[in-house]
Structure formats: C-alpha cells, structure tokens
Amino acid sequence: MVGAALAVAAVAAAAAMIAGAVLPARSRVVWVGVCTALCATAGGAAATAVLTGSSTFQANFPNLFPLGGVRIEFDALSAIFSLATAIVAVPAAIYGIGYSAHGPSSRTVQIAWPLLVWSVMMVPAAGSVTGLIAFWELMALSSLVLVLAEHHHNVEARSAAQWYAAMTHLSLLAIVLALVVLAHQAGGDSFTAVRAGAGDLSPATASVVFLLSLVGFGAKAGVVPLHVWLPRAHPEAPSHVSAMMSGAMVALGVYGLVRVGWDLLGGGPTWWGAVVLAIGLASAMFGILHALLSSDLKRLLAYSTTENMGLVFIGVGAAGMFAPSGNRSLASVALAASMLLVINHAAFKGLLFLGAGSILSATGTRDLDRLGGLARRMPVTAATFAIGSLAIAALPPLNGFVSEWLLLQSLVHSLPSNAAVVAVAMPVAVAVVALTGGLAAATFVKAFGTTFLAMPRSVEAGQAHESPRTMQVGLVALSGVCVALALAPTALTSPLRRVSAAVGGLADGAPIRTNGVYLQLSGIQAGLSPLLLATGLAVLMIAVLAVVRRGRLHRTVRDIPAWGCGRTVQTARMEYTATSFAEPLQRVFDDVLHPEIDIDVDHHVESRHYVQAIRYRMKIRDGFEHRLYLPLLAVARRWGDGARRIQNGSIHRYLAYSLITLITVLVVSR
Amino acid sequence: MLKLLRKIVRIGRVTETVPLGAGPRPSLLLGAADPLRGSVQIRQVDAGSCNGCEAEFAAAFGPVYDVERFGVRLVASPRHADALVVTGPVTRNMAVPLLTTFEATPGPKLVIALGDCARDCGVFAGGHGVAGSVADFLPVDLEIPGCPPTPDDIVVALRRVAGR
Amino acid sequence: MSPTGIAVAVLQVILTIAVAPLLVGMMRVIRARLEGRVGAPIRQPWRDLRKLLRKQRMVSQNTGVVFSIAPLVLLASAALVAGIVPFLSTTSALDQVGDLFAIVYLLLLGTVFLSLAGLDAGTAFGGMGSSREMTIAAIAEPTLLVAIFALSVSTGSSNLGAIVADTLANPSKAASPASMLAFSALAVVTIAETGRIPVDNPSTHLELTMIHEAMILEYSGPDLALVELAAHLRLVVFLGLLANLFFPWGIATTAQPLHLLAAAGAVTVKLIVLAAVIAAAEVFIAKVRLFRVPELLAASFVLAFLAVTVSFFLV
Amino acid sequence: MSTTRFVQLLDLAAGLVLVTSFAALWLRRLVTVTWVIALQGVALAAVALVIGAYEHETELVLIALMVGVLRGVVLPGLILRAVRAGDEHREVESLINVPAALLAASGLTLVAYATTRDVVALSSTPQVRALPLGIAVMLIGMLLIVTRRKAVLQIMGVLMLDNGIALVMFLGTSGVPLAVELGIASDVLLAMFILQVLTTRIRTKFGGTDLDQLRELRD
C-alpha cells in the first residue's frame, strides 16, 4: 500500500515534469497542476497509511547512482512531515493552475514545481545518507529555480536567489559533513547501520555531528541567525511556491534535526536541548518582532515562518532537555506539540501565502500600506485569510491554539525539576512563547485589518477582483484543513504516539490521550476540548443573537458615513496604515530593533510656519544581517579581490601555476 | 495621598440635597413609552458658542449639581448619544458638522438648544459668520433659555428629558 | 459532562451577566461618593443597556461582516469564560473543556475581534484604539501566562478546578509569597485588560487619550449594548478569577442548590470588595502616559516571574 | 512559633526585601525610592526578628531592632535629606530604560537561584532556602549602582547591596557577633558616604560648606 502510493507519487511527478516540458503553455499549466496534486495526494496517502498503521515501509534501490544506492525508509517521523507536505502541496498545486495562468507559466518553472513538491515529499522518506543528500539537493535546486521564476521583472528576486543559493549550500555543506562523519563511523550508508553505529561514537564526536547538523538543518528551517535568506527568498517566489517553501520545506530543517540528533545519534546531553531551545527562543522573538513591523505582506509571512519554526524548535529543545533528566513522558508531550505545530503551520501558513498570492495577483502589490477594503471585493480570499490569521495567532477555537496549548503545557509542567538549567530556562521560555503569542495576534490583526477592512488605500486595491476558481479552491481547501485540525485534533493522537515511538532518543509512550472529545496529556492533569470550546462559542453567539435580535424595533440604518468627529469627507488617507498600527509596539521595542526613522517636513513657500507635507520613513534593519553577514561578506570580498590578482589571464602565468603544482605534488607524494 | 483622603473625609458630599425643580417629572418629550426614561446619553456640540454655556453645562455635571444622578451622562460619540445639546449660534463652519452629527445619532433622538444663542442667535444675530439658530437646521425638541442658563435650569431641563 | 455540571455552567453565565452591570454601577457610585457627588443609582448600567437595546442600529459604509459579528464574538467569548471560571462551584461541566490558558486565549479572541472592528470603519480614531489595544494586549500576555505558570507549579495543573481545590485543601498556600506575587501581577494585568485607570480611562471623552472607547466610537444601539455588556462581563470575569483563584473560600464543591446559593453570596461579597478597592484607588491615581504603560506591565511581569521563581525554589 | 508559621513569616519578610528592591528599580521619584529603601530596611529587620524569635536568641532580636532603626529610619532619613538638598531634577535618570532594568533584575534573580542551588541542596533549613533572595538583592543593588546616574541613587544602591549582604548573613550564619561587627561597620561607612554627598550637594548649590553661609541657610 505504502509502496504503491509512493510509486504513484513518483510516476505522477515524472508525468508532471514531462507535461511541463512538452505541452503548450495553456494546457501545460493545467496538467502540471493536476499531476502535481496527484503526486502530493499519493504521498499524503502513503503518509496516512504509515501513521495509522504500525509498519515502517522500506525499499532499496541499490544501483541508482554510480557509487551508491538510495534506500527508502518511511517511518512515522517521516510520515508526519510528508503529511504536512501533502496538506500544503495539494491545494497549492490546484491553486497554481489559476495562479500560473497569468504568471509564471514558463517551462523551467513548470518543470521545477513538481520536482520541488516531490523532493520535499521524499526527503523525509530517504532511509540512507546518500538518499537524504540527493533529495535534499534536488529540493534546494528546484526551489532555487522557482525563486528565480520572476527575475525578469524583479531585481529583488536576483539578490534573493543569491542569498538563498549561498545559504542553502552552506547548509548542505554542514549536513554532508555531519552525515559523512556518521556514515564513516558506522561503516554503512543506511540509517539502520548509522543508528547501530552511533553508539560507538565518542561524546565529543557526537556533539560535533549534532552541532554541524544543527547548523545545516537550522539554516533550512530559517532560525536565527541563519534566517537571512528566508525573508528574501520566500516573498520573491511565486505564491504557491512560497506556500510550499514556508509551509513544508522549512519544516524539513526540524525533521533533519530530530532525525539526526535524537534518532540516529540517539539523543545527547541536556545542553543539546538547551541550545536548540535558546535558538528557538531567539528565533521566535526575532521573527515575530520583524513580522510585526513589516509592511510587506509576504515578507511579514516569511518572518512569521521564522517565528513558527522558533516555536517548533522550542518544543524540540524542551523535549531534548526533559529526556536526559528522565522526564520522558513530558518530553513526548513537547515533541507532540512541535509535530502538531508543524502540521498546523503547514495548513495555516500555506493558506496565508496562497491568500497573499491572490491579493498580489488582484492588486499587483503586497505593500500593506497600499491595500485595504478587499473584504467586499474578494470575499472568499478575505474569509479564508481570516481563518488563517486567527489560526496563526493561536486563537481558540482554531488549530494554532491547540499546538500552542500543548507547547505551554509541556513547558509549564517541567517544574519542579532537578536540573538547574531547566528551572532557569522554562520561565523564560513561557514568557517568550506568551509574548510571541500576543505579538502574533497584533501582527495578524494588522495584516488582516489593513488588507481587507475599511477603504482601499490605492487605486489598484479599489479595482481588485476575486481570483479565479482554481485559486479559490486551493484557499477553501486549506481553510477546511485548518478548521478540521481545530475541531478534531483528537484524530492525531495515535499518529503522534507513533511519531514519539519512532524518535527513540527523545520520547516514548503516548503523549496525548483522548476519548474523542477531550485532549488529555500523559502525566499532566490538564484537559482541553477544542470541539466543545467551538460549540460553546457558537451556542452563546446564537443565544445572544436570539435574545437581542438587533434591528427588531428599528430598521438598521446602513450606508451612512462613518463618524469622524464632524469632518465632512472621509478619505483613505485618514485611515490607520499598517505602519502606524505597529508604531506603538515599535516604540516599546525600540531598544531591541533600533529603527531608522526619517521625518522630512516641507514648509509652505510663503511661510515656514505652515507645513506643506510631512514624509515619514521607517526602516528596520535586520540586525543579524547588518552586524554579522555584511562584515563577513566584506571580508570575503577582500579575499576575493586578493585572489583575483592570481588570475590575470596571462597564459604564461597559468603554465607557471601548473608547473608549481606539479612540483608540489611530486614533493608531497614523494 | 493621605492629604487627599483627609480632604475627602472632611468635605464629604457637596451635592445639593434639595432636588432642583419640584419632584420628579414625567417625561414630556417622547410620551409614555419613552425609551429614554431614566437613561440619557448626551453628545454636546459647540456650534459657535462663546463658551459661557459650556462652562455652565460643565458645572451641571460637577459635584454640586451632579446631574449624573438622574441617569444623564456625557458620551464621546453621537453614535452613543440619545440627545444632542447644541450651544451657540450655528456658524457657517459648524453648520455641516452639526448636520453630520445629527445624522450620525441613532434614533429615537432629541435635540436640545442650550442658551439664548442656540435659540435665536442671541447677541450674535446677524453676525458675519452666523448662519442661523439651531432650529434653522435641526428639529429642536427642547430649548433652555438664558445667557448663559444657570446649572439649575440645565438640570431641570435634563430631568425632563430623563423623566426623573 | 453531567447534566448538573451543565446546569451549573449555565447558571454561572446567567448570574455573571446579571451581576456585571450592577458591579460597574456600584463602582461608579463609590467613585462618585469619593468625589463628593451622589452619582447614578447602582442599576443605572442596566437601564443604559435596556435603552440601548431599544435604539436604532447604525452600520456605516465601508464596514463589513467583521463589524457586525465582533460584538457577538466579544460577548460570547466573555460569557464562555464566565462559564468556565469556577465562580459558584468547582463542578462546572466546562472545567475540563478549557483551562487557564484557554481562558486567556479566549479573552484575547474577543480583544482581537474588537480591534478588527475598530479598523473596519476606517476612521482614524478607530485605528488608533485598535493599535493601542493590541499593544497592551500583546505585552500583557507574558504576565498573564507566567502568573498562570506560577499558580500551576504548586498545583501541578493549570485547570481552574484543580487549583481552587488545591488552595481549599492547603489554606496556607494563599499566604505564600508566590501566591501573593502572582496575585499582584494578575491584579495589574486585570487593570490593564479591563481598561481601568491608570492604563485607560473608561469615562474619558477625549479621543486622543482613549483606548477602548476609541474602538467602539462607531457602535450604536444594540451593538453598543453588546459591547458594553461584554466589557462589564470581562471586568467581572477578571475580578472573579482573582477572587476565586487566590481566596476560594465559600465556593461550592458540589452542585447542591443550597451550597450554590451560599457560594453565590460568597463570590458576590468578594467581587464587591475587589471592585470597591479598584474604584476607590482610581480616585487617587492619574492615568499614566501610554508609553509608560509598558513600564507598568514590565513591573507586573517581573512580579509574575518572581512568583514562578519563588514558587519553585522556596516552597 | 510553629515551624510552618516560621517558614511563612520568614519567606514573607525575605520576599518583601526582594520585592522592594524591584520597586526601587521601577519607581521614578527619588523621594518614593527612598521610602522604598526604608521599607526594605524594615523588612530586613523583620527577617532578623523572625529568626531571633524562632530560635529564642535575644541578641538577634536586639540586632533586629537596631537594624530596623538604622536602616529603616536613620540612613533613609539621611538620604532623604540629601535628596531634598539636591536640585530640582527629582526624577531618576538611568542609563537603561525601566522595563529593561526590570528584566535584567529578574535575570539576576534567576542567576542568584541557579548559582546557589548547590548550597541550598546541602542543608535545607528554611533560612538557607531563602538565601538566594539575599544574593539576588545584592546583585540588584549592584545593578542599581551601575545603571543610575545620580550619586544619591548610587548610595541607595550601596545601601541595597548592604541590605543584601546583611540578609545573606542573617540567613546563612548563626554566628551573631560577626553579623553585628560587619553590619555596624558598613553602616558607618554608608553614613559617611551619604554625608559626603550631602555636603557636596550643598556645596554645589551654595558655593561651599562655609559655616557662616550655612547659618544663613537656617535663617
């Protein structure tokens, strides 16, 4: 069953790529979309089979590459990530049909897109070092091509692609190093062999491997300080690709980290978890603060991805801290929170990026300060974006809340603990998660409010139309997933139990128990029923409506001007913009963010007491980029300039280099 | 803080204990089924007043007259209001805002013209910037004469509106 | 989820809705008395609400669905919380439905909807109110959750019923430093979240100083009634939480009518005391500048943080 | 006094010492900060009193009274005079903003707890378990000294630091004489500091501490 589904996925991906290569532009987009959706569905089916059954699927292709084969090992940990991929990929592929029709429909893009979906699906399925690296690189290359999709009319895309290429290869380098050390020690390439051989590693080597994989996979997950590519690359890619990258691809960073650190290496000392937790805390805070102050919709979503990956890291790190001190049931709760967040994040971030794509294609802008009033022009997009916003802000009764709740429960019940570092870290972690939650609510009130409510702030926003059917289908499907995950997270209890059983170094047992309605945690006296919360809210709203019956005595007056304190006309310029909405919080976090603010005042020609115009510009630099990367780049450039002197085009000199090399080789290999 | 506490204890209640006007009066304005009975929210509009009426109006809400005890309260938006209290002659610049405010008030609603200027432009009648009295623009339900009216007058009038 | 449990929950919702405006009316009377005035009678807020329900509803152009459903969500979320918090009895059916975290996020849901409604009309003041409300809500969040952390450390659960039962069983816990620190932290947050002085002035008429009022400038008639009732209800919910989490005495542990009656009396007394303290304190302090509010909330955060540290290390 | 009551009272008094040090970071008016410091002195005295009463040590009770008078009344009184003698800027000026200072202080508290874990684990008497509070107060006192601009506030920081040391001594040692000697010595030193600041302030304001001119002040 699992094998057949994976085979269907591979065939469908191949069919999509062939369709992308040979069909004419018009039908190409449709067939690529359909085949990609089929590929993702098949992958999702395989993942579901593994998560609901109890078997691990294995297959060997020993002679796929000249030097080694590829092994497929599809266990519950793989499956949960493949499921997340399927959740975002199927709607994104359908959405892509409508989106690409008037946008990125070129052959290159249409070939790269199914390849990306398939490789993201298959990275977790890889059961050997070679396989993992092969799929990883396929994923990196196809996504790089897709980031460059719109480079013709977008200069930003080129610089984004450069950053992305550099970071992704740095990441690959670290991953290859880590895995090669592991495989070398184990004397085998398959994960089974590596797992068996990891026991013989010295603690120091294990820690080095762990840190290398943390760098490599952390860069893919976009956590601080390796996040710099993320807010550049995700906004520039076509929106359904952004959804795929943000919803599913970055999560593979978490997959890799858990797989290498706590499955292959079998877990390590408490400080591994502490480091992951610290990175998670920093990423969550950093990501949400920048998302809050960003007025570019897709950039905001990209920074929020950094935040969410930070939260996932917090869960993984907390689990990594609990497990060595023997609190394994709590560790499984923390891990379950992370995994649930990965699934939820795929659903709501995919949804929000698709929504952003609809807005972008309807208005041509993603600048929040130029949007507004889209709710009545694009009702489907507005409704689905609202669901996504509420979900990502972790508000009940939507799905984001369930994972946030699990995460908080696992952090809160860590005390009393006998490890000092746990005792110190957990209050800080709870505070950061709480602040992140509050700021996320503010961020998405801003994002939804300034995009969809009130009056349009530009002509383009005023002339927007609802997007084509296929795009709406994608949006509605993903919001349906969000709602389903919100009302019935209990369905995920046994899959999460299998995941925690699969990660031997971290967790065991059943993190969540359920009787179908309530969620109950192992070892923690706490309950939650998202379904009953939603029912309660709905019942109370209906009750209020029935009791009050607004407009019973008097007809409701509609379409009157808003009350603006007696002023005669209301224009969109009087509205709060996204920038002004975030201004109080920007002031609060002034010392952390150091925004650059320019205010230009133009005075009236006749008297300087009258003001003609005031321009306010606020720019927030990415502190890491500014302080860490740019100096590094400057150093690298200096080295590059030095190196250029060696290469001056003179054939004589090249011959001389050859001679010197030859002599050196002779001397060395004497 | 201690000083303030001592002051509170020493001064006690300063509100006039004798009810102003005679006893509670039936609402004269909206009939027996008066929805405003016992609760009147007021939005005050200065249509061009000299601020004399405002000073007296504010005094009516102060500790001594305390019209709030009859269920009258000032609010910040005409959307929350039941009655508009308009002061001053309606100046050219305030005519449109006054009408906007009236339109922004949900019904059933009342308009109260406070002071002589609001009734008939008072001493400003025929002035350059004056567009007319309040009645020229809005249906006035109640007039409070005086230049300015005393807080007593204002309290009596507002009690009629509140029916208490 | 037993029928009696559901009955208790429904009873709690109805009682808190009935009591909330009266409590606000009482606070206004206390304030008036301290200012040397007589003040409106205690039942005045109910009169106001009744009148608002009979008034016309106005919906301005540019607004949409959000503007219409925000009052419903706001009131429903506050009412649901009123059903979950153990006001009368620890046997409420909703106890396992949501814990303290669920309560915090439910209240945040209401805030978020009201903020969106403030943006919906597109007026400058509405946006200003929303922006400020979200600012305060966001930076109050850590205090709330860390205070909950402190409470649940000693009990081992974040479920309200469990915390209340635990305090009932060990009365000395109420006087422990952790509990007192958490109480002060939650008290500051209560003031911030319910828009009282020194964070917000509920009776201001000056738009520039408004937070809560600015968001609802656009509501009229029945909508306004719902928003105001929800605001009253949130105040009661917060005060009730403070009262019963830290001083749970008098609460019923069964669902017998007599016990419930006694519990209703006890919780009313506690609410009156807390409300009176807040109302009296408001006379003595001035509203702080908006950009000093973070300092206030930082202080409350520190209190909550200390509560966690102390509860873990000292006890 | 029963043991549970003793633990509660001790925790309460020691907790109050810590909370007052946070309050001193939070408040802005110099006069209020001085009052808070005085309260801290009283709380410190209460700690000594509680321990003395529980262990029936008359000496410790006497010391408690002395500490209460000295740190709750005399030293704050002197500081108050120094504050009043200062210029009109009676608001705290700080190098870092208030929320940051508060967060830093909570971080210091955590550090205090984390570093004293081993000591606390060694003997778990209620006194020793409250020991981290004293360390935290010391650290916050240091923070106050480092971050504040005014000499008066730095004096208050020193006083807070001193309170922290005294708290640690009350909680950590049962050797009373040492506590007395150190405590008195540091108090005298502090008084000297304050007088120095006071005279400097008077000098900057009136151009010197010339006695004749000072007499004019009285008239």
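The chains carry the letters A, B, C and D, assigned in the order they are written, with residues numbered from 1 in each.
We take it that contacts are C-beta pairs under 8 Å (C-beta built on N, C-alpha and C of every residue); 3 or more make two chains touch, one makes a residue touch a chain.
Keep in mind the model is a prediction, meaning the values are calculated, not measured.
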Most contacted chain pair (by C-beta pair count): A-C
Middle chain, criterion being Cα centroid separation: C
Distance between chain centroids, defined by C-alpha means - chain B, chain C (Å): 33
Chain centre separation (chain B, chain D; CA means) in Å: 56
Computed distance of Cα centres, chain D from chain A, in Å: 50
Gap in Å, rounded to a whole number, between the CA centres of chain B and chain A: 58
Interface hub residues of chain B, defined as touching at least two other chains: 77, 79, 104, 106-107
Chain C: positions in contact with at least two other chains: 54-58, 207, 217-218, 221, 294, 301, 305, 309, 313
Sites on chain A at which at least two other chains make contact: 423, 427, 554, 557, 560-561, 563
Pairwise touch network: line, ring, star, complete, or other: other
Listing of all chain pairs that touch each other, if any do: A-B, A-C, A-D, B-C, C-D
Partner chain D, residues of chain A touching it in the complex: 420-421, 423-424, 427-428, 591
Of all residues in chain A, those that touch chain C in their complex: 372-373, 375-376, 386, 390, 393-396, 401, 404-405, 408-409, 411-413, 415-416, 423, 426-427, 430-435, 437-439, 441-442, 445-446, 448-450, 452-455, 518, 524-529, 532-533, 536-537, 540-541, 544-545, 548-551, 553-565, 570, 572, 574-576, 580-585, 587-588
Residue ranges of chain B in contact with chain A within the complex: 77-79, 96-98, 100-101, 103-104, 106-107
Complex contacts: residues of chain B adjacent to chain C: 1, 4-5, 8, 11-15, 35-39, 41, 63, 66, 68-71, 73-77, 79-80, 82, 104, 106-108
Partner chain B, residues of chain C touching it in the complex: 32-41, 44, 47-48, 50-51, 54-58, 204-207, 210, 213, 217-221, 224, 283-284
